[in-house]
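Per-chain numbering from 1; labels A, B, C and D assigned in written order.
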Amino acid sequence: MIIVLKPHSSPEVVAHVLERIEALGLTPHLSQGVSRTIIGVIGDEQKLQVEPLQAIAGVEQVVPILKPYKLASREFHPEDSVFEVKGIKIGGGHLAMIAGPCAIEGEALLYEVAVRVRDAGANILRGGAFKPRTSPYSFQGLGEDGLKILRNVGDQLHMPVVTEVMDPRQIELVSRYTDMFQIGARNMQNFDLLKEIGKTRIPVLIKRGMSATVKDLLMSVEYILSQGNREVILCERGIRTFEDSTRNTLDLSIVPNVKGLSHLPIIVDPSHATGRPDLIPAMAMAAVASGCDGVHIEVHSCPEKALSDGPQALVPDQYARLMDELRRLAEVMGKTIDVCEGEPVSCAPC
Amino acid sequence: MIIVLKPHSSPEVVAHVLERIEALGLTPHLSQGVSRTIIGVIGDEQKLQVEPLQAIAGVEQVVPILKPYKLASREFHPEDSVFEVKGIKIGGGHLAMIAGPCAIEGEALLYEVAVRVRDAGANILRGGAFKPRTSPYSFQGLGEDGLKILRNVGDQLHMPVVTEVMDPRQIELVSRYTDMFQIGARNMQNFDLLKEIGKTRIPVLIKRGMSATVKDLLMSVEYILSQGNREVILCERGIRTFEDSTRNTLDLSIVPNVKGLSHLPIIVDPSHATGRPDLIPAMAMAAVASGCDGVHIEVHSCPEKALSDGPQALVPDQYARLMDELRRLAEVMGKTIDVCEGEPVSCAPC
Amino acid sequence: MIIVLKPHSSPEVVAHVLERIEALGLTPHLSQGVSRTIIGVIGDEQKLQVEPLQAIAGVEQVVPILKPYKLASREFHPEDSVFEVKGIKIGGGHLAMIAGPCAIEGEALLYEVAVRVRDAGANILRGGAFKPRTSPYSFQGLGEDGLKILRNVGDQLHMPVVTEVMDPRQIELVSRYTDMFQIGARNMQNFDLLKEIGKTRIPVLIKRGMSATVKDLLMSVEYILSQGNREVILCERGIRTFEDSTRNTLDLSIVPNVKGLSHLPIIVDPSHATGRPDLIPAMAMAAVASGCDGVHIEVHSCPEKALSDGPQALVPDQYARLMDELRRLAEVMGKTIDVCEGEPVSCAPC
Amino acid sequence: MIIVLKPHSSPEVVAHVLERIEALGLTPHLSQGVSRTIIGVIGDEQKLQVEPLQAIAGVEQVVPILKPYKLASREFHPEDSVFEVKGIKIGGGHLAMIAGPCAIEGEALLYEVAVRVRDAGANILRGGAFKPRTSPYSFQGLGEDGLKILRNVGDQLHMPVVTEVMDPRQIELVSRYTDMFQIGARNMQNFDLLKEIGKTRIPVLIKRGMSATVKDLLMSVEYILSQGNREVILCERGIRTFEDSTRNTLDLSIVPNVKGLSHLPIIVDPSHATGRPDLIPAMAMAAVASGCDGVHIEVHSCPEKALSDGPQALVPDQYARLMDELRRLAEVMGKTIDVCEGEPVSCAPC
């Protein structure tokens, strides 16, 4: 850590800062120049980063050198992490192809979509039972009934399933039905939720918040990891900018950026990022070409009647065409798309 | 609501859209121009806004006319709402002057700060017992011990108190100690928390999320109101932009903007918005001049040792000087700052 | 165009708005609902869009239906435009591979870089003679000497060249040396420059401004087209957001977005977008996968001594490795990379 | 300047960096910690800031300590600068009250508005003769005819005038008619324009670009100052963010921020910042309360017929009411609003 003092700092100020640093058991290195005095600090920087050194009178700037996250960092774990969800690998060259409707609306509908996306090559089924809707007057999800449907359809088709959890009180319930938790963008800094999820041993897909930097995202991941749950997958889903012709702005540079900073897999959700079916295929292609570990796409068999986010869903035919292209691209990129084992069986009512 | 069809839409497309609208019990008005066909819809627009009309093939654009919130709107409640928290009025010309440390660190410290800010003119005491920290390695708050201290100090000084609640599971506990809930920026779209808070009858201070539009904020307020809790106060605390010399960018235009759209009071937090003590006084002045209903400022007697957000705290002397200026300004603006009744008594250990 | 009146508008207000519309020779269509009155306008909307209808008392909202640009729109020109710069095609499946140093620093250096990028597959040479630098104390470019060097090296290697023009007074000079103008991001709304460039018949590469929406970019393009110069190529180079780990945020969704709205080619510049050599290759791959018409990359043989933007330059070896990957990707995408004709000759001093 | 090396840097890397620093005539100070090596550099940092040290292999981060601008900084000129434009002082407690229509449309109209705003207390008249319009199909201004009208009206009313210059080729012409140049937001980084304006000795009002940081703005100011023109006034007019209910987001924190960093006056333009007459008065009040040196407001006697930006203009009556409030506020703030001398004479045609 480097501490820059204001111009013309008095010897008292310098002495006070040195004293504070030594009181923390760390060693300061003083460099006095003509216009500024600089203090380098050697020692456990993590200790120092939580101290309000910036608040000391006479301090102009505090420059941290080390990353504020540990367990998520590539320095801590140099190899790519690879996780397995019911036989489907994610990371280390294996692409997660997550697809399904935004919300679970009923068993027949989910089964219909699931069969189609599985045929097209999807290897994880998604569907929301608890929905974070901007308006209190919108459909809020089927709750436990939805979870049962998701589990049943997943089992019939031998597909692992992922669903969102929004509230620490839902974790126990959701954990009985899902293979992977999803934490939504709006909850990326719901720290109590992160801590509770961190105590489970179920893989987590965590979406980047709309105004989260790469560092913020990795700090939220650190909350989960530090509780003992090591299976965390990141998901870019667009950030909020001034551009208003798309729902959000997809920031694909986070993919190679995270690959440098962390060992964890990162996937991309072009559905929420663009909100526009006409842009989703191109952005899914771009995502895979950027080196990500999977793509998350919303598919609905009748978007104009969907109870949630219909306008951004692909129909199954569009998804199938896109998967054909993604497969060709994955081959050029040297990536594998794991296939769900077994034969689908017809879906019995749950 | 207005639905604009794509150029050269076939009669089948037009007929399909009309059919969908009529199926919802609404009346469409068709206008056919040379380059576009436009359909106006008369009827309960709220019903329509949750329908995915944008997903109908042939629809180019859907333009909502009515606001998506009702209970929060000024059309619903034309007069300014004025709320009272233990005798201190907020709104309708009464300014809430909320001050205190970021986190509650101990009783002696809180009492010291509280006496000073009360003397300076603050009329509500703040302090965090549950802290949403970006890093899992930072101080997370004293929990119930902190709540007890806050209640005790508030009682000694006859000051109403406000404190943050982060998790639906904490609501019952916090409600035993606080006079007003605070919902933090990171939880502005934690919809389960909003719903549960909406079931209580304790006033709520809700902070604008870092990437929330005015409309998003009012929709989150609608979640609370629609559960029956009508005492909601909004708080601007800065949004995230590209400008990196301040912690966030204070968007004061939200004050007159909200005054036009809603009947609810809105206050301003220049501490989190700027993150810089050298800018807080000027922004507090600007806030009151913009017509807001109060100012929320963090004060600590020794910022360089604060356990949370020390670098952005004012010291009590700075706060007192600022309050002198704010009082003069409030007078010119025709605003009143209610004063806490009674005499402070010395603080017995809780 | 749709005009929405405020609730409870008086008949006088309605009459006044209708009168204003008819005075412009257009036909209004009135729809009166319970809570709002809506007026649709049929006729030449371009005429109306420049009128300040929003300023009429009683008008709540004005909703334009047609795009404000014409010549740039796909409705005006349904087929993809394909341009040719000295035998190198851009658009319609042909990728422009533009490479070279940020600034022209000397003939030997430029020749060295140019030979290397040409060997790797670049088909257009870039280099700045007039440099828009944030600081007045930074290197500002070699001016005409730089242009001569660029022309000479381009001729020796049979490569078309592109260089930036910043000031209307430079156009005549620059046009004597270059095959394509570049308009930089900071000048995207320098309207006098756009108009003057529009009067030439030299192809133009126009970069998206840091805070320009897709619509803003197309309006700037319209300035050039409306002066008669029809050969305009767009370039995405990142927008400004809150994310601070990259120089800008590359918004690749603009590629399919522009493809829907316009017939013009669009290329991508991952160098300025990321500012980080470790991210450039992945973003170049993503760009081509998104369907763009070319990639613009800065290459320098000794970045640590570059006079401009060294920290974001690739070295020639990195560029060659990237081009190998881009070629394989282009093949999968069904795209062609035109090759410069002829044999390089050694560079005589200019 | 501080240079942080990557973890586990070899002695060769360290030696190479030291060598580069010494070759520039500067003195490096080495601190080797367990996880990082840090090099502090003492000497003329300006020299170093233009060097691409970040591009050296092995360098992780370069942290500048000194500000990149000199002449604009408060360290260079500790006292507030106060400028005088035809007897009207700006800065040092004197508020510039700039008002007038967006565009000059004709002499009678400008005279009418000018008389009204002068009566209300405005002390500088604005009006655009060259207009930077987003659309090439919008009114582009009257050019020299407009300048003549502005000069004539200003002279009749003894008001100094300010008008925008967009192109270096217009400077000589505009300088014959105006008392102050305006550089618009879109030209804030039109460096050739800045340099040429810097060679004149006419005061300059420079508007912050829509995506310019405080530092960017001060660097653009430095371009003008470094050419010898020392009379530069800054203007905040809103930045581009995700919030779409206002035209831009007014960032008032720039006012105290600039006051700390620079000696130059800064004024605020709430018209362009909000684009909404209902918000302008509150934001003008907030601006003055934040400590700025003036307010720039667009006024038109018939906004619905204005040729440019009508929807954001105040009418003269609204302006007069606002000025009454601003005067009371200015008094509390201890600020003076200079008054134009002499009696208005009726306007002879120019």
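Heads up, the rule we're going with is that a residue touches a chain if its C-beta (ideal position, glycine included) is under 8 Å from a C-beta of that chain, and two chains touch if they have at least 3 such contacts.
All values derive from a computational prediction rather than experimental measurement.
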{"item": "Comparison of B-D and A-D (more C-beta pairs in contact)", "value": "B-D"}
{"item": "Chain separated most widely from subunit D, comparing mean CA positions", "value": "A"}
{"item": "Gap in Å, rounded to a whole number, between the CA centres of subunit D and subunit C", "value": "27"}
{"item": "Euclidean distance of C-alpha centroids - subunit B vs subunit D, Å", "value": "32"}
{"item": "Centroid distance [mean C-alpha coordinates] between subunit D and subunit A, Å", "value": "40"}
{"item": "Multi-partner residues of subunit C (at least 2 other chains)", "value": "211, 239-242, 244"}
{"item": "Residues of subunit B defined as touching subunit A within the complex", "value": "20, 46, 49-50, 52-57, 68-69, 132-139, 166-169, 186-187, 189-193, 195, 209-211, 216, 219, 222-223, 226, 239-240, 303-306, 309-311, 313"}
{"item": "For the subunit A and subunit D complex, residues of the former touching the latter", "value": "2, 4, 7, 29, 31, 33-36, 38, 40, 42-43, 45, 61, 63, 65-66, 75, 240-242, 244"}
{"item": "Sites on subunit A touched by subunit C in the complex", "value": "211, 213-215, 239, 241-246, 249-253, 255-257, 260, 273-274, 278-279, 281-283, 285-291, 328-329, 332"}
